[in-house]
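Just passing along the structure, written as structure tokens.
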Amino acid sequence: MSIRYVIRRILFLFLVIWVAATIIFFIPRLSTRNPVRQRLAELARTGGFAPGDIETMVASYNQKFGLDKPLLEQYFDYIGGLAQGDLGVSLHKYPRTVIELIMDAIPWTLALLLVTTILSFIIGNLLGAVAAWPRAPGWLRTFATPFVLLQGIPPVLMGVLLLFFIAFRLKALPLGSAYSTGVIPNWSLSFALDLLAHQILPALALILGSVGGWVLSMRGMGVTIHGEDYVNFAEHKGLGPTTIFRDYYLRNTLLPQVTGLVLALTTVVTSGIVVEQIFALPGIGTTLNQAIQNNDFLTIYGIVLFITIAVATLMVAVEFIYPLLDPRVRHT
Amino acid sequence: MATLAVSQPQIRQPGQVALFFRYLRRNKSLAVGLVILLGLCIFTVYGMLTADLSNAYPLSVKSKQPPSLEYPLGTDFFGRDLYPAMVVGLWQTALIGIVAGGLGTVIGVFLGFIAGYFGGPLDSGIKGICSVLIPIPAFLIQVVIAGSLDKRDVTIFTMAFVVLLLAWMVPTLVIRAQVLTMKERQFVSVAKLSGVGDLGIIFGEMMPNLIPFIVASFVAATFSAVFASFYLAVLGLGPLREPLLGNTIWAAQTQSAFFNGWWWWPMGPAIALVLILGSLALIIMGLDEISNPRVRKKE
Amino acid sequence: MDTMLNVAAKESDIGQATKPVLELENLRVSYYTDAGRAIALDGVDLTLMAGEKLGLVGESGSGKSTMALAMMRMIKPPGRIEEGRVIVDDTDLTALSEQDMLRARLSKISYIPQGAMNSLNPVLRVGAQLMDAMKAHVPDMPKDEMQAHCIRSLESVDLKANVFKMFPHELSGGMKQRVCIAIGILLKPKVIIADEPTSALDVVTQRQVMETIDRVQKQIGATVILIGHDMGLMAQFVDKVAVMYTGRFMEISPVRDMFLKPAHPYAQALIRSLPNLENKGVFQGIPGIAPSLLSLPGGCAFHPRCPFVMDICREQRPPFETFQENRQVACYLYTEKARS
């Protein structure tokens, strides 16, 4: 891997982040909506202060958030703040900053998505590989088919179905939220179990909703690899099925499947956000959803930009491990 | 070097119709997907012709009724009859999917052809823009756009437009890749050498051969458009007054429908969406089998 | 001239071989397709002695590769071995269990693919691809001994020991082919099938690879079946040539007889189609096309294209019989029946 390649990819990453930031900055400003005014109008409705005050408040807010400056100056301030890791302040939960809100929420989201993505990647790929493997026992191959059928169902719908059948009808698991109402978070075992019980359905929804995609792509890949001369020659060598499966089959699907994982990152994050909303779980999705409901635009933009940066960075980072997965890949 | 004169053994084919049926019998995903989609179309058309669609809006009927003969899918908290709501929701979902998916494919085919066929700086430009935009989670940008719109302005068509804004990149890259490989094929070179113009080659020679890919792109783009509009609606960014399927699920969720025992409220639209997305996914799988013969199952 | 000398030298070798090492008895393979059952190998009989080298020629789809796969028991669905036996060194391979057959591959009978292109796993080092074969067949051998054996095998096909640590994409086409040969001879099999081992290589490399096969074959005394299109290359290397058509042997003759006075009309047509100095620039094909394996013509499969066709050829399939010493042919021109 040459230094030039690394530098090029990092510059590309900055380009992606800059483009995303620019889109996120300018699109809302094309709209006639004034977030501050709207926010204050809402406060006026609920808080009951006279509408006459609004104009002065708008002016002072605009000054506070720098919204009275010329657009380009605002833009440079914004990009400059971004470079220092500043995503602005929340309109709704002022004076808390957007970064603070994100940092409160991110552990929940990260834990849920990390566990479910890894599990569904492993399960899906194994099932898909087996489904494409002509020597696998018949029952094992049919076992993979239902998972393929799940492939079109987004995790959110899976969540609604699971809520209905398991939580609502069977009353086997809770209907949502992070832990039972009235319980104060503590370090006891019962609280840990309670927490876990609330995470099972969302996790299941995310796994079931994404595992089919892996089964499908792995099956397609497996069928292609099975036609390859090197698999054929491996059989002529008299290798056992296990060795061929592991070293000739799975090993060669690793690069394309990891690439697939990288491409699926945006879908994973999107699903996570919406599933959190369905299950009323704390996390970045719920924070985003609250911001949407409360017209807290600066938080919306901040969260979107944060996730974009995280996903793009991860994508570029994974590229650097490709040469380990396939010796033919040379980054130059 | 001596090589024998090689002649391929000719295999006598049974009739085309018989082969097609044999093929459909093996390509079950395509067959099943088409059947489900057809069923949904019949349901929607029948509903639009027979049901009172004005009941799909709030305060039309008695609220919170479970499914019964009078209200086959029940009614919701706001007094909407969920059966006409489902019919209208299906129709609107189809509209968003076809408008956004169709336009996305048209743009994709156009840009893909320009990039792939003419190459040069145009190609690197289009490819560059796509590669920069693809790592940005499209859905989140859609959230920003939809969130910046005044909620009163949001209609089915603004939804479709928001979804479309980021739905053209994947078709562009798919078609571009196909055009690039096809450009090297012999029949294109032959046409070029015999003086056929660029437009003649594009429409006369390449387009007919790309139809399977364009159809597959269209189905895939429709799938992602339905998907994206559904997700936006679940976050409460849809056209709030319309009974779009995702909106209904969002409304049910904000009113804690399961918690209050109104299970029918979110279940109807959820099952409808499962059927729509599931059938589209099956069709995509089936088409993939056609355009990628190595995946074809052996009998 | 050189060729002729080689042929003469080889004929004298045949006398030394006495014990049959490979016997095929009525081997029959068909493929079940959408369009019906295609008979790819239609009752093949063959006996080869230790150290004998047979060249197998025929048009594409004539059943050469099917025969090789059937001998390795590697016919996959929708194909099937319908009947027949493959006997290597007194073992009937068709009667072995799956497990025993795995062990027989490479140790009794091995297959050298057209390896220049894609026969090596791109993500494993060459050494790992020799070692996994060793581990599958002689699991009890100590690791370092295994490795020494693999490196010796690589060296015996003129590769350097450091190839062991390289990845396939770092090798040239000829080197990859040599690696495939090294794998093929790893366990000193009795029978080696080389399926067009030189077809993707340039002419100079082709010759070097053939010489390598020839040398290692002599070292381990294996019987070789060489499948190929290139009759010129074959003439320099094999003892006997078998001509296949529609899954049947048409003729098996010593290489000299096959080239100088081919017996079967199809073999005659094949030999005539080779370019030589006399008919330079004239390309002679065989009139007509090969029939579909789904519906072979009755009687002799070649009769629709045969210039000497007789009534009996249309009705009955000619038996594959010895008509001179060391020569077998399936044609009524050479049977008693036709003469009477």
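Order of writing sets the chain letters: A, B and C. Residues in each chain are counted from 1.
Just so it is clear, contacts are C-beta pairs under 8 Å (C-beta built on N, C-alpha and C of every residue); 3 or more make two chains touch, one makes a residue touch a chain.
Only a predicted model underlies this, so the values are computations on that prediction, with no experimental measurement involved.
A comparison of C-alpha centroids places B closest to the centre of the full protein. When every chain is reduced to the mean of its CA atoms, the largest separation from chain A belongs to C. If you average the CA atoms of chain A and of chain C, the two centres end up 56 Å from each other. Between chain A and chain B the centroid-to-centroid distance comes to 22 Å (mean Cα coordinates, whole Å). Note: centroid distance chain B to chain C, computed from Cα atoms, is 52 Å.
Residues of chain B in contact with at least two other chains: none.
For chain C, the set of residues that touch two or more other chains comprises 77.
The residues of chain C lying in touch with chain A in their complex are 72, 74, 76-77, 101-107, 110-111, 113-115, 117-124, 128, 132-133, 135-137, 167, 169, 180, 183. Contacts from chain A toward chain B in the complex involve residues 12, 15-16, 19-20, 23-24, 27-28, 30-33, 148-149, 151-154, 156-157, 160-161, 163-164, 167-168, 175-176, 216, 219-220, 223-224, 227, 266, 269-270, 273-274, 277-278, 288-289, 292-293, 297, 300-301, 304, 307-308, 311-312, 315-316. Partner chain A is touched in their complex by these residues of chain B: 132-133, 135-141, 143-145, 147-150, 223, 227, 230-231, 234-237, 249, 253, 258-259, 263, 266-267, 270, 273-274, 277-282, 285, 288, 292, 294-295. Within the complex formed with chain C, the residues of chain A that make contact are 134, 228-230, 232-240, 243, 247-248, 251-252, 254, 325-328.
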